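Same chain, two partners: subunit A is paired with subunit B first, then with subunit C.
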Partner chain A sequence: MNAAAAMMLRSVPAAVGLALFLGLAGVAEILLRFGVLNRFVVPPPSDIAASFGRLFAEEHLLTRFLATSQECLYAMVLLAIIGVAAGTALQQMPLLRRACETWIASLASAPIVLMYPLFLVIFGRSNATIIVMGVIAGLPPVILKTVEGLSGTRKVLLDVGRSFSLTRRQMFLKIMLPAALPTIFVGLRLGLIFSLINIVGVEFLINFGGLGQLINDLAERYDLPGMYATIVFVILVSVLFFLATERLERWVGRA
Partner chain B sequence: MNAHTATHPHNRAVTLLRLILLASLLAAWEILAQSGWLYRDVVPSLLSIGCALASLLSSPDYYFHLSVTVLEIAGALAIGGTIGVLTGLVLGANPFAGRAIEPYIYYLGPTPKIIFFPIMIMWFGVGPGSKIAMGAVSCFFPIALSVAAGMRQIDPVLIRVGRSFRAQAWQMAWKIYLPAMRHPILNGVRLGLGIAIIGTLLAETKLSNRGIGHLIMRAYSVFDMPKMYALLIILFALAIGANAIVGRIGGLDTIRRS
Partner chain C sequence: MTLASQPVSNIWADMPILSAKGISKKFETAEGPLIAVNNVSFDVAPGQFLSVIGPSGCGKSTLFNIIGGLTEAYDGTVTVAGETVRGPHPSIGMIFQEESTFPWRTVLDNVCFPLEISNTPKAQRVEKARHFISLVGLSGFEKRYPAELSGGMRQRVAMARTLASEPKILLMDEPFAALDEQTRLLLGDKVLQIQQQLQQTTLLITHNIAEAVQLSDRILVMSYRPGKVKRVVDIKLPRPRTSEIVTSAEFGMCVAQVWNDLREEATRGMQEAERLR
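On to the complex of A and B.
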């Protein structure tokens, strides 16, 4: 079998999935046209597709998208700095690590996002609340994976470092950190997913900022096609984001 | 954690350190509260939080709201979990369906589900129905993905053993698949439970007239900070406790297995 045929064969399931998705949209459209489904609950897919242009022109969808992306970027930078630093500190102090690691792990399963009214009081309805919520929600996996990565450095590598009689600092920067990078990136990716969820969620909940607020606005104005279209856009953003972190992880893993 | 490897005095040091950490955290909080460096209301004194906690736990009103929330979460987990497990089984058993449909679930997984809440209100009304739907949608994804992945990871040897004993379909399901799937299913349920709690409570904070989320927003709107802290403490304790119970049942120790 040649390469092109193999590729065709591999893309069959994806094509079926896409066809299924489009078919469902088509069925919904037909049912709505014949009045079987209530179009005040489910807007016709064609209306949703048509509302994108309006959203870009009137609701500044692009600016809002950029606002959300900017918040994500800030959260990501803070997440990387704080998380890796905290993870390193824990790894360097074994006693502290044994005392805190299970706490952090259970914090990862706690509904941190519910603390948002607290930050609403401290920072008000502002970008700060959104970014802080994103950072806090993403921290536990970054810290845990940093600790895991640093402690998982292969013994051979450490021995090489020792035989060159590296200082503790050199040992960390030249050997442990590079060896731990792939694991740290897994943690960052997990953390970023939590961050993104929380950032858009909090935007929606406190009615401030980018895409989340737009959904809230449109829902309150009962602009159903616009709301569904914006939701599609949020899904698109999170898919893009997810793909980007996957790519980043692969790139760092190779370097 | 590593109780079997650790020596006894070492363990005591860890416990001591934990106590010191907790005590210094509480002390720092109290100093911050008394000094008034931050707004007084943002960092209330421990005593007032304790009082709020006590009055909350002794009021029948609170138990009504708690029961509403717990029932909503249970309903969400039952609905979302059942659909999730069934979807996961189908996707895991059928490679073609898995490759056709699983990418959608995989990429929909990390989207913030709360944005679907306006739609849920439209479909299920402003009552508990929309909160249950919110929780069910939230917990469906991790459960479906975890079960599908678990289904594919079953050791083929086990299946061949079953076949060579000529096990019937129900025997295969009951004696081979289910025991082999216990970890992934329970792990999925544990992940799903956490996410169902978040989904349900967030929906309650957005729009509701009962439930713990509603109590939190009511405390926020009148700036009753001690009560808000008390509610958050209870909520965290319940969520971490529920998570630990499911983990204990499944014999899972830390989140690293997820």
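On to the complex of A and C.
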């Protein structure tokens, strides 16, 4: 009884979020019905909802969704490995850090997606192009947040390590890394957002792969409800990975 | 065997286990150089309990960090059993003034930390950690994270963690500062008990005169700016002591003696701080 009540309580935020979303959709629907908004530009939410069945049956929406999710998964793994390693290297080598930190930060605002022809030449019209571009776009926040987290380790915790005569390696693995973990995960979540945007963007541009390609197709056919419905699935990927990183953080934190 | 080792151990007993000679430390600050510790020298015999007392900002923590090998640039020498200290010494354990528990580890895992580092087998590790956790009165909180504890409890976790490494020399920087008077006295008893049991040489920084008198064989009273040893007070109260001693007349006299020295310094410290402002 009590457990059930607790469950209910915990699902309140999610319910409020969903209600808000549905409310906004309702407002859009009303505005469209009364002609305040143009239905040739914005499809009515009811049409979008109705198009899901068609998309699953004819456009293999689920397969597309899984394809994009898979690309995101690979990108996330690479992001974590490369980003944390690069961040660690930068943090350990002050000269390198001073040399690189600024331009890595500026890279974050560069429209990397526009460099797709270059990667198209290197990797061809393939998943590799999509994943690599996703990773490059997501790296800056992961690197920078790793540096920030590692350097932000409280001095007294380092002193505890030193007073127990930890080796450099132990100092890093047992104190600096766990202390930096929350900050690193902030970076990873940010990086993943950039990655997903770029992954879908490149899919769209090179007309290959998952949800991005489908959006491209539907846009060319001027199937606006279908397009918006697919965008809902892009958001779903984002939500999925957000939840996954939260799980991962808790799991890594305990290990 | 016992007979042969007898005279040898006596020689060691006479020799200070820890010795500081002419320790000075200068900080470069925005307002110019600041001498935090000025020419401090003292010896500590094995098993002795020494307290350092002095006004806030007189360089007590700085002195401890030097003895603990955490500060590099300073003048003077620190020796442990005749051996000059360069960097953290394995027989010195430190408890810090600042909150120093690992927030990502449970109480049990925090206390297990030094045992993990020394590669103690898992079962033994847990058993030992539990022992020290119960010693600081935190049994039942093993699975909690530091964020779920009070400040005083966290300080006790840090204390148990350092005790678990069973250092020969224990440096404690105001470990009881966040505790109420009663808990402070009882925990003081515990510390004394452990110290007597393990024959640990203990250095304690404190602001609390009664606490210093209750626990110590000797008290260093430090002066404010520059941080010097103003006076060394030997406490000759009988051992074993418990917190009950605080009601005795001798105890009161010792406290009064230290308080006289300290009042001058504290007043001067306050005035100087006022003037700087």
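Rule of thumb we're sticking to: the second predicted complex is superposed on the first by the 191 of 255 C-alpha atoms of A that agree within 3 Å, B and C clash if a C-alpha of one lies under 4 Å from a C-alpha of the other, contacts with A are read in each partner's own complex, and residues count from 1 in each chain.
Here is the rule we go by: a residue touches a chain if its C-beta (ideal position, glycine included) is under 8 Å from a C-beta of that chain, and two chains touch if they have at least 3 such contacts.
Remember, predicted model here, so these are calculated numbers, not experimental data.
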Subunit B versus subunit C as contact partner of A:Phe164, first or second or both or neither: second
Comparison of subunit B and subunit C by subunit A residues contacted: B
Partner chain in contact with A:Ile175 - subunit B first, subunit C second, else both or neither: second
Subunit C-contacting residues of subunit A that also contact subunit B: none
Contact set on subunit A toward subunit B in their complex: 13-14, 16-17, 20-21, 40-41, 95-96, 98-102, 105-106, 108-111, 113-118, 120-122, 144, 148, 193, 196-198, 200-201, 204-205, 212, 215-216, 219, 224, 227-228, 231, 234-235, 238-239, 241-242
Complex contact set, residues of subunit C against subunit A: 65, 68-70, 87-88, 90, 92-94, 96, 98-100, 102, 104-105, 113-114, 116-117, 161, 165
For the subunit B and subunit A complex, residues of the former touching the latter: 1-2, 13-14, 17-18, 21, 38-39, 41-42, 96, 98-101, 103-104, 107-108, 110-112, 114-119, 121-123, 190, 194, 197-198, 201-202, 205-206, 213, 216-217, 219-220, 223, 225, 228-229, 232, 235-236, 239-240, 243-244, 254-256
Subunit A - residues contacting subunit C, complex: 154, 156-157, 159-160, 162-166, 170, 174-175, 178-179, 181, 253
